[in-house]
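See below for the structure under consideration.
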Amino acid sequence: MDYQGILDEVMAAVWPLIGQGRVANYIPALAAVDPNRFGMALATVDGDLFGVGDWRVPFSIQSISKVFTLALTLARDGDDVWRRVGKEPSGNPFNSLVQLEYEQGIPRNPFINAGALVITDRLLQLTGDARGVLRDFLRAESGNPALDFDPVVAVSEAEHGHRNAALAHFMASYGNIENPVAEVLEHYFWQCSLAASCADLARACGFLARHGQRADGERLLTRSQAKQVNAIMLTCGTYDAAGEFAYRVGLPGKSGVGGGIIAVIPNRCGLCVWSPGLDARGNSVAGVEALDRFTTLTGLSVF
Amino acid sequence: MDYQGILDEVMAAVWPLIGQGRVANYIPALAAVDPNRFGMALATVDGDLFGVGDWRVPFSIQSISKVFTLALTLARDGDDVWRRVGKEPSGNPFNSLVQLEYEQGIPRNPFINAGALVITDRLLQLTGDARGVLRDFLRAESGNPALDFDPVVAVSEAEHGHRNAALAHFMASYGNIENPVAEVLEHYFWQCSLAASCADLARACGFLARHGQRADGERLLTRSQAKQVNAIMLTCGTYDAAGEFAYRVGLPGKSGVGGGIIAVIPNRCGLCVWSPGLDARGNSVAGVEALDRFTTLTGLSVF
Amino acid sequence: MDYQGILDEVMAAVWPLIGQGRVANYIPALAAVDPNRFGMALATVDGDLFGVGDWRVPFSIQSISKVFTLALTLARDGDDVWRRVGKEPSGNPFNSLVQLEYEQGIPRNPFINAGALVITDRLLQLTGDARGVLRDFLRAESGNPALDFDPVVAVSEAEHGHRNAALAHFMASYGNIENPVAEVLEHYFWQCSLAASCADLARACGFLARHGQRADGERLLTRSQAKQVNAIMLTCGTYDAAGEFAYRVGLPGKSGVGGGIIAVIPNRCGLCVWSPGLDARGNSVAGVEALDRFTTLTGLSVF
Amino acid sequence: MDYQGILDEVMAAVWPLIGQGRVANYIPALAAVDPNRFGMALATVDGDLFGVGDWRVPFSIQSISKVFTLALTLARDGDDVWRRVGKEPSGNPFNSLVQLEYEQGIPRNPFINAGALVITDRLLQLTGDARGVLRDFLRAESGNPALDFDPVVAVSEAEHGHRNAALAHFMASYGNIENPVAEVLEHYFWQCSLAASCADLARACGFLARHGQRADGERLLTRSQAKQVNAIMLTCGTYDAAGEFAYRVGLPGKSGVGGGIIAVIPNRCGLCVWSPGLDARGNSVAGVEALDRFTTLTGLSVF
């Protein structure tokens, strides 16, 4: 398939949407991003790489990190991890706290903040360095040794992190955070602060297109575990818009408030798109549209 | 593909699970079903039909009806229907009422009871006979003119229908039920009471495998609408187990408390499995396992 | 004490507030009331009666009826009634449904709608005519044989009664409504539609000032039961403003969306004030202020 | 009135209940208390003091501290404090978090933990030493210069304080905690850890019986502010049993999980009872019964 031609066509088609939406502004470091950025990259399972626009420019990966920390934890912990976090969609964010109370401190899935905090807590227990393990993994999979944290973002997250602190303490009151809360939060904020480009992330999610196999051929996840991660991405990966993302794009995907979205086409490729303007539900306006166009043009949808 | 051989193998594999779980008992008419039943059918887009076990025995379709009423309404109403019901997963059933209040009487999706009531209300407005339209559609698609309501079940549902009545009145207080509540409820209970076999339902969901085209070649839904229905089935079709169903089975599916589950493999076939024993979340124990085996054996999973 | 002089002084003081607030408009029959009405009456335990303004004009008693149906049920049922309804404040109305779900269909107290529906259901079981028993009681206690229902209001309530129907069906699904829901609702709406004047109601609540003794000397409630009703009025009688009412007025009181409020000074008198303009929480603006003034002038507060 | 005789009679009457219920055990320091303790004291507005049983034995005041921190803040802040905390009952504790979310970080009243944290935060802003100010106030009002914190309890509270930390961070995310969360929590835990006897507390709540006037004649609160505190005690002072406390005891009261309860009879006296065994809602079994008996014997109830 002529991926380069398709990416060019996609960018031309979404051009009018670039700059639309609202850049995340809950921390100053994110609010400063140029809203007119757009990049998209595709990395095949065979190692070919294609890209358009700002596809080499690093951006703040934010919640996209949740996919990788889940995979890294699952690789070490196996099904045990599902004792501390669920696999089901969570419905409206409005209910997050009462639901957490109703389910005795067990978050609905690893992609809501509460669930990602549990995963970071577990990864910290298993490795002693949850953020370092994530950075090293992304460096290895992307082939980019310069990939790194953005300390300004990390510190800024921590300063505005009361809601995550509330979630972590609340779960700790149920015994579902086992390291000191402050330590878990620190690792979590640093994970979110990682800066990577579309090229980096399209490559880094390749293991999900390869049913669990890393770039160097080593197995990270079993086939079944890779399926678990993909299924959770499809049902829970785009905040309160997973249903709409499923029928517009029809691929496992995960978005972040930095404006990035990764998506996986099993057996074929990893994708990453980035454009900072967000819709009301926190997903990149041009990014969702680009993936929608891509699957329409290629017919590579799940449904 | 040797579908008959695969179905035989699936039935042999799930044999030990048949009879496990609990038969739905909230109405006497359902509680009387023999828990040791098991049937499975597959209808290809080309019209071939395969089956095993009790695949010709009619059972109570219950919530499986929600897929068809949604499609029939979407066919007439187009995207307007999404003004009255959402497309997103709903999280824990515990929150259903408060969520409905929070979202001003707009249910999260058409597969929770509140959403299905809205769809029945709309179909009633559009056709004057919501239950009749559904029966006629199922008869036509299944090629079974004897397919019919079970009046004992319908009456029994009505007698135990206080919770659905509460939902309907609650939405009516927001103006989101437009016919008289009693009338909507009656059509809804009769729709749920339809009795159909695995053979009937595997055929009847063929239009979703054919991207919206009915058995007679006529178009019911646009390609995009068919994709919407499939996506909602994948993300919301199996109560509070959609995430787990997604990674175990990886197909758009919809279950009912009668023990039936339909599933769709786009471009290829419709499936229906039935076994009355339910797990804690209301899905057929042997049915989910059968679909899991089927996708494992055939490699026909989405992920 | 010179009650007449005090009432005159109170009316003069609240004069500027009369007409402020918003008249209840959820049914046309209530919306038509003249907002500039104001009346206040005081009936001593010895039988003296004082009044100012429109104190002889009948108005729609609405939720004030809940006090009397509770007393009539308690008189027949004793403490058994507390198995079906609680005695505790309910917090924000927003939570009413989820709380009802959490507490398995048992409403928090008899003065929220759900609780009043349970009381009406029980009174209907005990007497066969919940609305008739209430009318007769109010006629007897007020000494006004012309006191009667307003059929226009009753019918209008029924036509806009979806939310109450939802509550009743929801409780019926837990077995906490035992008569047919439609019948319970009808009695409830007719009870709310009773029209009475300040003079009527000030006299009718005299039994709470007399520790349970009716106007004719007969005992309706035990001393302890009368205390129960008064305590519930103080903690739950004015919707989501019970705390504020407690410290401004400091008396057991019950308001209705018709703009009426009754209040009780144990050992001394029953009070009723009426002015249709409501504040944001559904209590009469001039009415609350009048009772505040009254207790300030007389020093007859609880605290 | 022969208060000493009445207290003797009350203790004799509640004797069989002493030791019943469950001692609070969420922190080891509280769990170690002898369940067979019982003491009761009464301090008249004129300075007389009466007591029975263990009325001179210090115990952990816990949530009783909330009354005093509210009063100390109200004295300095006036009605401004009500911009950050409500005055209404909160209903079931189950809803605390969702309600806090619904009301944008404003707790329902100052006697639930969230509300008390806001009060401590404000008192800390106003004085620079929220715990010191409280200790000094209690020493002055009780006339007991030895009254002090229990550091073992304070440290133990902090170690088990995840739920309070969650509440504080959650409110901080709405801007309703203004000091560093850790500092607010520390002051809060130390306030709760104060150890005082029934004699100390009966005297210390005298200012509420004297309409705001302190033991030395100085005015702490206006008459209206004292009324506010008393009204909130009556409607919100005994966790989810305020309604029942209102009709059994009929006095403004505040309980703590240490087993203490203070109560106020305006114009007359302050009361304190202590017995560590708690009922299911967190109130002292023998303590509530003792106050019930006291008001029955003296006829000093509000209703």
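Letters are used for the chains, namely A, B, C and D, taken in the order the chains are written, and counting of residues starts over at 1 for each.
One rule holds for everything that comes next: contacts are C-beta pairs under 8 Å (C-beta built on N, C-alpha and C of every residue); 3 or more make two chains touch, one makes a residue touch a chain.
What you are looking at is a predicted structure, and each value in this text was computed from that prediction instead of being measured.
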Starting at subunit A, fewest touch steps before arriving at subunit C: 2
Chain centre separation in whole Å, for subunit C relative to subunit B (CA means): 48
Inter-chain centre distance, subunit C versus subunit D - centres from mean C-alpha coordinates, in Å: 32
Length of the line joining the C-alpha centres of subunit B and subunit D, rounded to whole Å: 56
Two or more partner chains touched - positions in subunit A: 94-95, 98
Every chain pair meeting the contact rule: A-B, A-D, B-C, C-D
Residue numbers on subunit D that touch subunit C, as the complex places them: 86-92, 94-95, 98-99, 102-103, 108-109, 224, 226-228, 230-232, 234-236, 240-244, 246-247, 250, 252, 266, 301-303
Subunit C partner contacts - residues on subunit B that touch it in the complex: 94-95, 97-98, 101, 162-163, 165-170, 172-173, 181
